[in-house]
Each structure stands twice: as C-alpha cells, then as structure tokens.
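Both complexes below contain subunit A, partnered by subunit B and then by subunit C.
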Partner chain A sequence: MEKKFTLIIDLDRCVGCMACMVACKVVNDIDPGVEFNKVYKVGPEGTFPDCDMFFFPKQCMHCEEPLCAKVCPSHATYQTEEGVVLVDHNKCFGCSYCIWACPYDARTFNKKKGMVEKCVLCLPLVLKGEKPECVKTCLGNCRIFGDINDPNSEVSKYYAEHSDRAMQIHPKIGTKPSVIYFKPRKGASKLWKSNIR
Partner chain B sequence: MPSIIQTKDGGKIVRTCCFECHAKCGALCHVDANGKLFKIEGDPEDPRNEGRLCPKGRGAVQVLYNPERINYPMKRVGKRGEGKWECITWDEAMDTIYNKIVEYRNEFGPESIVNAQGTGRGSNQWNSRLGNTIGINHWLSPGHICLGPILTTGLMTLGMVTNWEGADLDRSEVQVFWGSNQVWSEATYTDGPVNRGRNRGAKLIVIDPNIEHPLASKADYFLGLRPGSDSALAMAWLNIIISEKLYDAKFCKHWSTLSMLIHADESMAPVSAAELFAGADPKHFAIYDCKSDTARAIGEGKIPDEFDPALEGYYTLKTVDGKEIRVRPAMQALAERAAEMTPEKAAKICWLRPNEIYESAKMYATAKSAAISYFQGLEEHTNSRQTLHAVNTIMTICGYLDVYGGNIWPKFWNVMLGDRMSGKPTDPDAMKKRLNPYPMYVASHPREVFRTMKTGKPYPIKMYLGIAGNPLTWSEQPQYAKEALLNVDFIVQMDYFFSPTAQLADLVLPSAHWTERDYIADEQCGRWYFGQPKSVEPLFERRSDITFLRELGRRLNPEMWPWETDEQLFDFQLEPDGITYEQLKEQHIFEHTPDVERKYEEHGFETPTKRAECYSTIFFHMSSNPLPSYEEPAESPLSNPELAKEYPFVLTTGRRYPHFYHSQYRNVPYLRELSPEPRVMINTLTAEKFGIKENDMVCVESKHGRFQMKAQLTDGLHPRVVAAPHGWWAGCEALNLPDYPDFIANCNVCVSNENYDKLTGSPGARSTLCKIFKV
Partner chain C sequence: MEIQYPLVISTVAQRLSLGMYVISFFCINMWSIEINLPLVAIISLGFYLMGILASSAHLGRPERLVNSFANPRSHLTQEAILSPLAGFFLFLVAINGFNFSIIGLGFLPTIHLGSLKLPVEILAAFFCILFCLSTGLVYQLFARPAWKTRMVSINFFISFLAVGSAGAYALANLTGVQGLQNLFILCFALQLLNVLADLYYTVYVSRLSYGVAVNVFSAEFAGLYKTWVVTGGVIPAILFCLAAFYGISIWALLVSSIIVSLIAWQAFFFRSGKHIKFFPQYKQDLKTIF
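Coming up: the complex of A and B.
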C-alpha cells in the first residue's frame, strides 16, 4: 500500500513551550515574521479558578484535497507522491490567492522574498526515515508522525489507542487534512465549541 | 554511539548537553564541513530528554553567532557605563586582574574582593574555590532566591535534596506540581514522565497562583492559591493526613524524629536520654515504647524493630534526679499544631475552596506512590523555610521519601556542596568576615554585600569579580545594587553579553558559549554525568569560564589549583568515580549512582540523628521552632492589612517564559519573536474595574518602587493577584526591538530589601503588596 504521512497532534499533551516553532525556524532558516507553524493559547476563559485553557499548535494540514493548490494560478503549489503539499518557489510570484483559500491560515507571505511560504513537513528528513523537527523536539510529545497505512507504525498504534478523542479541523469543507487532532481530556469542554468549529 | 560522529559531507555531529539553562538536556550539535554549527537537536539516546529539546536549546545557534556577543577582553576607556571600550589581550587582562587582587588583598584584606556568579553555567564549585583561594569566598549569587532555601532546608532536615530530578514522577500514581512549572523550566527529566503520565492515567495536582501554568487546566485538582500562602495549605494537608491517619506509621515511628519525645511545655525541647537514664549519652534521645510501656533511650539511625515507639499521647516520666516531667512524641505536637489549620481555615487564608484542599490531600496521601515537584514558587517568600519544611514533612510522613514513585534522594548534591571541590577558605577568619546574618544561607548574602559596598561598613569592598550573573536585574531593589556597585573600585565581568552589570564594568571578559567549550554536565543530571565536548573552536577571543577560573586560581595559589589544563581539573572532579574526562567524553554518559530506593537504610539519613528530621534538631537550636508551622509572608493582606488598604493586590514576579532563561536571550531573534515585549498579567475583571484594556501601559507600584509594562488581561489569575515577568533589560538589534534601561520594566524594584526570611534570607519576591494604574 502507498505511504500516507499523518501527523497526530494530541492537544492533551501540548504544554505550549513553542519548541516546535523555534526548531522549525532554525532548520528551515525562516525569516523573521514568517511562521510555518504556530502555537496558540486558547483561553483561559471562565471565572477563576474554574477556567478552561489549552494550547493549539497549528500548521499546514497537508490536505488530500488542498484548496491552496486549486487556486494557484502558476501551479506553484503542488502535492508530492507522498501527499505532502509544497510550494515551488521557482513558480510562485506571490499573488497570495492560496493564503485566502487556505481555511487553516497556514501560509505566510514572505515580504523579503515576495512569495508565499509554508510548512514543508521537513520532507528531505522524512524521506531519509527521520521525523519532522517539530515532532522530534516536542516537549509534550504531543506530535506523533508516521505512515498511517502501516498498521505497525507509531502513528497507527497511537491512533488506534486514542481514536475516541480524534477529530479533524473543518471536516465539512472536504479538504481531508492529514493532520489529525486529539481533543484534550480536560480543560477544553467550554472553549472547544466557541473556538474550534 | 560515540560522542563525535563524522558525516559524509565532511561535517560532524557532536553528542553533548545543552547549557542554555540548568537542566542540561542531551543535545546533538550539527556542524557543517566549514565548521559552522547549523542545527542543535535533542539527543534521542539521552535517557532523560529522549530527543526533546526546548526553544532555548533549539535557538542556541543564534546565541553562538549573535552579533551582540562580547568577543574580546576589553577595558573601559570612557566613564563608567558610557560604553567606551578598548580591546586588550588576555595576558594583559589576566595580569590586571591578578595585580588588583593582590593589591587589594594586601591593603584591605581578602574580604575586600567579592567573587560573584549568576544562576550558573556549571562553574558553581569552581567559582566557590576561587573565592576560597582569594580568602573568604563571598560567593555572591542569587542563591537566596534560587536553590538556596531548598538546598539548606532539605539538607538540614532530611540530609538530602528531595527535589528536581529527585521527584520520581515517572513511577508515581499522583504527580504534584507545587509552585513549579518544570515542564518548561526543567524539561530534561520532567516532560517524559508527565507525557507518559497523561496516557497511563497518572493523577495530577497543580498548586500555583496562575492557571496559565501549562498543566493547570489538565489537572485533577488545580489549587489556585494566593501567592505566599503555601504554608497554610501545607499545614491543612498535614492536618488531614494526620487526623485521618493516612501517614506511614511504621516509617514515622522508626525512621523519623516524630516518635522522639519532647517536652510537653512550649519549649518543644527534645528529651535527652541523659535526663531519664543514669549514664546515658547526653546526645541521645528517647522514645516511649508501647510494647514495654516505658521510655527508652535511643541512639542514631533506625529505631530498632523491637520497640514500638508511640506517636501520640502525653506521658509523665521520672528523671534521674527524681523530678517528674511531662512529655509527648513530636508527632503529637505536630498533630496539635496542624489541627488548628482546618481545611475551612486554610481556604480562607489561601483563597481556595475547603473541599478541594481536603480531596487533593487525600488523593496525594492515599496513593501507592506520589511525587511532589516543587521549585522557586516556594522559595521566593519571606516564609520560605516554613513552607519548604512543611512540604518536606508531608512527603516524609506519607512514606514517599526515597522510594520509587516518591521523592528520591539524588546523591549528587551531597557531593557537590562538599569541600573537596570548593576547597576551604584560606583566611582563618573567613566565617566571621562573611557578610551573612542568615544561618541557612551558605555564602555572603546579597543584601549585606550591597549594603557593605555602599556604606564601607564593616569594611570596604574594592573589587567585584563576576562570572555570568547580572545582579542589576536579579537583585531585589536593583537600583540599590547599582548604587552599591558604583562604589566599588574595580569591576570585572565575564559574560556572553553586555548585561546592565557588565555595562558598569572596568574590564569585561568574553565567555565561551557551551558549544565552544569542553565541560562536564553534572548538576541536576540525576544519576549521571555527561561529557560536554565543544562543537566548534571558540570564536574570536572567547574563553571557557573554567579556563579563566583555573588560570587565575593557579596564579594565586598553585597548590589549590594544581591543574595545568581544564582536562586535568575535570579528571580531579571525576576521580572518586574512577573515570577520566577522556573516557567520559568517549562514552558520553556515566552512571555515578545506581537507581536504588531506600538508600538511607544503609547508613541512615545525613542528619544529626540519622533519621528524617521532621522535628528538626537543627531548627530547634536556630529558632526554637523545630516543627513546621503556618507563617504569613512579611507583606500580605493578612499580615499587614493597613498596607493592603493602599496596596490591595498581591504581586508575584514568578511569571515565566519557556523560551527565556532569567534575564537572558531577549536579544536572540528567534526567541524574542515569540514574546516581543514584557506584559504584566492582570485579571480581566480587575482590569475592567480600573479601565485597563489589553496592551494598555500600566504602572505596578509597591511601597518600595514601581515599574511599567503593557497589560495582558487574563481570566487565569485571582482578581487580587498580579503576575509580572522578570529579567527584561535587553533589546534585540536584529528585530529592532527596544531594551529596557534604568529598571523601567524590572519587577524587582517593587520587592523590599528589608524583609527576609529570618533563617534562609529569602526575600518576598513572589509575595509583595502592590497597586496598579493605567499610565
């Protein structure tokens, strides 16, 4: 069976340390102001001490049906054989249609370069059998990565064990994201509905 | 895996430990064929961090190559603080420093020279050795707000430091974080156990004023207490545990001092064996044996199984001279004292709910195993000793001390603090000359040092020699520290960056980054030592702190510093473990203490009685208060209601970031981007009342000073608590972000330098009364 890279983000374990953001910036040599991934703090909301709060790391979902690719006039955005969504910087001329089309706010415009940049899933590393840097460095071990079509992979096992908490973001749009979120066990009941639809 | 791996493209991967903070995660440094470090990642084979690495470590490449670094030895040419420097050679710098030390020592005595450090880049013991070489070892550091109170309370009462890597979270049924956010600050050995704990169903209790603590909203119990009220909560837990008999009676009877008899009167004095038995050793104590219904003399260590020591009741005994005395086991006294602190009373004091206090105490005490991770949240108060003693007593009576899943005894601290590494003061009057009125502080106390610098009394201080450390940021009343330092004739500062303290120096020295120096990762590394070889050759004229200390020490006293190279010095440190530095570098990891529980069974606890001293014989002599008790901070709405009328909020300076280490790294672009400016946290409802909106500039003012920051509104704090971050001084040239000169955003200006814990010398940095207003 074909490989299908999947990234699980278990929100129950994210501790908001932002190591993923810095690891990504260093390894991909990202310019200031550009973010391939970002950790949001959702909450705290409520009356102290009865507050909900959780952290929400966000990045490109590497959708099976990427809207960004559909709208790209220069075909700069494309999918690799493994389903990873990338931008060909020889073709991108910075029109930013993809930024508007992406329902996940996962792309940033690099003013210095005049083009759009986004998460590359550390593909060169991944093809060597390693994991993306954000996964390796995560203090909460909340990111689990691998081939979901391989039943023995870490990601498949984790999915099987905790699938009761699994969810996709904006499933109705039909983008089929390959990033799967796991709901927090606690601290999100009230906030969940208002922030994540 | 060897510690240096050559890569196919001509580069290398160096297996080492990150040193951006104390926690020293295993790290792999990737160097390209041109010798440039381009990536640092966590070492997946490190048994502690298992590949994880926090933003500080990941961003350290930008510390190594930061254009704002100090790169050469430089002497001041303009006025002090003017920022005019001239590069000099290392030889000239070393000659100048050596000559100054000799000159001042001859004329004013060794006490006129202050050696200083910050939280430390791992050179603690060697800095201390240099101080002893000079003469009296002032060893000025922020130890009174960091580690000091925890170390001395633990070592004096239990003969161990129960904390940090001692909290055996991985094997515990209940994980407690009490005034500690170690998933950010000590990720090395904390995050794996917490992550696994989430999925194996470990229970979680978080005791912290701030719900933005990354574990608070995930916790089974979050106790959002008033900053500084922890000792009341701890006494309430003790009350519940003792009154419901949830404690480990066997351990308390045989291995703690709680079965010891003490006088029933207010003196709480221990009953000496010689009072009761003719010819008994006066240093021995007594218990009441329930089996034989008589008092018995007991020596050091475990109380033999043949006795069944009483923990409750009052007894009337005859002394050798025929008098009758009324006595009770220390546990009886503790029970009575704790009984005063009902959950309802504690709830009122701590701003909590009684049922949560009760249920969390039961969850902790009834578990098969439970570990408490505590840290600076318990230290930076004027009542820190009481809180720490009470929390240590909780873990001790529940039988969680030095057992798997509880709070294990990491032996490293007992070794590092010994004389072997730091040497002994060369001045025979050193202890008298040290500026330290606090019996539980182990160096000259910062407040006394700065006062002495400023007043010249009891003697003049002529020289300040700092290696890392930035008292103009960490000190309570830093303006006072600045005035004091300006009174010192000659200031040397060795550091990465031009900190406010370095800006005042007469001579600055360039410290090598951890990626540029050979060292040993030892402190807070649990059962292990790790080789920490350099990844790149030192850039410019930067030198290892160790090289500087060793070479200066060697010129002053070659007998104390016989080592010609850093490697020889490391060999000396490792000698008792039977390994050389070369071998350590080769194998990278060395286990110096096996993973064993109940280590005390072999030789007892390292205390005067060789038992766990919840009733502390040392505290009895120091303060006549040998048992833990509830104490309010010097400044609180309860201890000083008059002051609270004008300053109604409790200010804690304990707000932290996962990507900065104290006052460092605001000048690192990848890290500064994450928090471009300091913001003080205020409850949303409170802010509304004061007309303060998100990002409005607000002033926080205490009786002692004021600072300004933008407001960050949050529901995650009690309406009467204000939480400020510390350490903001640096700008970031690369991002064009400003610095914060003249203490404008330094929260420590609000902290008193008059109120201290009477024994540990800890200031009330996390419990100060304040008011807030929009600027």
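Coming up: the complex of A and C.
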C-alpha cells in the first residue's frame, strides 16, 4: 500500500505554548509576515468555574483533493506521491488564486519573494526518516505524524485508539484533509460565539 | 485577504471595454444605430489593455505570466487563453478601414476586411462575452462563503452589460449619433437589472452563517456600500429621469457614476469574500463536533 502521511492534532493535549510556530519559522527560514503554522486561542468564554478555553493549531491540511492545486493556473501547486501538497517556486507567479481558493486560509503571499508559500510538512526531514519540526517540538505531544496506511505506525495506532474524537475541518467541501483533529474532551460548548483572532 | 485594487481596476476596465463593444455591436445590428464600431473597438482596446496591465500589477512575478497558460481546468488559465483572442479580434475590428495617417502612420495601407467584416465582428463579440464569463467564474469560489454562489458570475455578467451599455451610450452621444432612444432604454433596463442583482446578492451575503454574514451597514462595509448605492442607484435614477422626462442628457455624469459604482461594488465584493468559515466559530459546526 502507498504511503499516506497524516498529521493528527489532538486538541485535548495542546497547551498553546506555540513552540510549533517558532520551530516552523526557524527550520523553514520563513520570512516575516509569512505563516506556515499558527496557534489560535479559542475563548475563554463563561465565568469561573463554568468557563471554557482551548487552543487550535492551524496549518495547511495537505488535502487529498486540494482546491488550491485544482485552481492553480501554472500547476505550481502539486501533490507528491505521499500526498504532501507543495508549491513549485519555479512555476508560481504570485497570482494568489490558491489563497482565495483554500478553505482553510492556510497560504500566505510572500511579498518579498513575490510568490505563495505554505507548510511543506518538513518534507526534506520526513524523507530522511525524521518527523516534521512542529511534531518534534510539541511539548504536549498533541501532534502525531506518520503513515496512516501502515497499521504499525504511531499515527495509525493513535487514530484507532481515539477515533471517536476524530474530525476533519469542513468535510462537506470534499477536500479530504490529511490533517485530522481530535476534539477536546471537555469544554468549548459555549465557544461558538468567540471569534478566532 | 486584502482588497486587490489592481484587480478591481482591471475587472472594471475590462467590463467597460468589452461590454461597450458588445452592446455597440448589438445596437448596430439590431436597431441600425450608426455607431462607429472601429472607433468603439479602438477605445475598447485601450481600456482592455489598461485592464490587463492593472491585472498584471497584482502579480508577485509578472515576468512569469506565461506560466498562467498551463492548467486549462483552471478558470484563470481559461481567462488567460481567452484574453489574447478577444484582444486580437477587437484589433481586427479596430483596424478595419482605419486611416493610419491620423496617428502619424500614413505609410501603412488602409485595411478593409470586406466580406470578413461581419464574421470578425461576431467573433470579437463572442470572445468578449466568453472572456467576461470566464472572469466571473474565476471569482465563483467554493471556499469563500460570500463567493459560493452562481450569483457571483451572473452579477458579473449583468454588470458587464450594464456598464457596457452606459459606455456605448456615452460614446454614441459624444460622437453625435442620432436616434439613441432604444440604446437609452436598454441602458436604463440593464442598470436597473444590475442594481436588482446586486441587491439580491446583498441579501444572500447577509444571510450567511455566523461569522461570515455580511452586514452592509457595519463599519467594514458601510462606506463602500453607500458609495455603490449613491453612484449605482440614486445618481443614475436621477439622470435617467432627467433624460426621460425633461430631455436633459448628462451622459458623461451617467457613465462616470456607473463606473464609480462598479469600482465600489467590486471593492465591497472583495471585502465580503475575506471572511471564511472556520472551526469553531459557528453554531452548526459545534453541533456536529461536540
């Protein structure tokens, strides 16, 4: 069976330390104003002790059916065999159409380079057998990465164990994200009013 | 996502130019109005090229523009393919019988398309319409709630006809063409239709779900929306009434007002598309998640 890289983000474990954001910036040498990975705070909502809050890390979902690749007029956005969605910087001419088409707001226009950039899932590291830097750095171990098609991988086992909490963002759109979120076990019932900032 | 002002300018210029040609062509063949079609084509080409230049200004790497032809499934590629075709046939219409000595190129012979004249004019109109349809489809995106409706491309096409008719009416007046009653009525009807379509879209975006619904009277949208109401509705209504009941035709103000309204609308449209639906902002998401 083909490899299919999957990233699980367990919202129950995220402590909002933002180490993943920093690690991502350092490893990928990201220019100021460009964000591959961002952690949002949702809440707090309510009054103690009846209050809720959690953190929500967001990045490219590396969709199986990526809308960004579909609309890209230059074929700069493409998928690797492992399902990682990348941008070919030799082809991108900075039209930003993929930014409009992404339902997850996961892409940034780099004004300095004149092209669009996004999370690359640290593919150079992954191909060497390592994990993405955000996964290695995560203090709460909320990020679990691996080949979901390998039943012995950590990610497959974790998924099987906690699949009742698994969810994809906007499944109705049909992009089939490779990043799977696990719902927090408590709280958030009042947070629908809170905007993510 | 910011308002892309180069794209606002380019789409307005392209709608004005191509719409003006299509409406002029229609009026000539439908009502035998004596509009000078090569002159319309020349002016259209000017605005059209201005639109293309403005459009390329928003690109990060305009020198790689040729890459935009690579994916025929993308509406942006379709637009890129149609763009030179519309321009080429407009150019052929423009040079038909054109006296090049006017622009100091008297050494060039006057070109007459002869029997090819009508097919070329039809092809120009055809590609102008196709180009505008493809541009409308570019903005009809599934990911953005405010743009996830067919009304996006329908509105785009109606505004193309409306601003085109206003442009054709202004140009016909400017060149002293007589017998413009039908064109005046067409211009009025299309602008009315344009306003109604935009109002329908306003209702659509106001009914979107929590966090993405657009309140046109909020500080974020009010300025642009009020500008659109005044320049797209109020001023044209007054000018149409003055022309219809008192015979006072202020065509320059009319076309200017409609162009400004289109700019305001396009900027409003960009801003309304900025908001995307995102976990866990919404009641219905939480119902399915928690």
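Note that in this section the second predicted complex is superposed on the first by the 189 of 197 C-alpha atoms of A that agree within 3 Å, B and C clash if a C-alpha of one lies under 4 Å from a C-alpha of the other, contacts with A are read in each partner's own complex, and residues count from 1 in each chain.
Basically, a contact is a pair of C-beta atoms (placed from the backbone, for glycine too) under 8 Å apart; a residue touches a chain by one contact, two chains touch by 3 or more.
Note that this is a predicted model, so its numbers are computed, not measured.
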After the superposition on A, what does A:C17 contact: first (subunit B), second (subunit C), both or neither? first
Is A:P44 contacted by the first partner subunit B, the second partner subunit C, both or neither? first
Applying the document's definition of touch, where does A:H170 land relative to subunit B and subunit C: first, second, both, or neither? second
Mind working out whether A:K3 is in touch with subunit B, subunit C, both or neither, as first, second, both or neither? neither
What is the contact status of A:N141 with respect to subunit B (first) and subunit C (second): first, second, both, or neither? first
Would you sort A:Y97 into first (subunit B), second (subunit C), both or neither based on which partner it touches? second
Touching A:K157, do we find subunit B (first), subunit C (second), both, or neither? neither
Just checking: does A:L67 make contact with subunit B only, subunit C only, both, or neither of them? Give me first, second, both or neither. second
Name the contact category of A:F56: first (subunit B only), second (subunit C only), both, or neither. second
Dual-contact residues of subunit A, meaning touching subunit B and subunit C, are 188
Taking the complex as given, what residues does subunit B use to touch subunit A? 39-42, 44, 51-55, 58-59, 61-62, 183-184, 187, 191-192, 194-195, 198-199, 211-212, 214-219, 222-224, 658-659, 669-671, 673-674, 683, 714-719, 734-735
Complex interface listing, subunit A residues touching subunit B: 12-13, 15-19, 21-23, 25-27, 32-33, 41, 43-49, 51-55, 133, 136-142, 161-162, 184-188
Any idea which subunit A residues touch subunit C in the complex? 42, 56, 67, 70-76, 91-97, 99-105, 109-111, 113-116, 167, 169-170, 173, 181, 183, 188-189, 191-192, 194-196
Which part of subunit C faces subunit A closely enough to touch in the complex? 1, 4, 58-65, 67-71, 73-77, 80, 138, 141-144, 147, 210-211, 273, 276-283, 285-286, 289-290
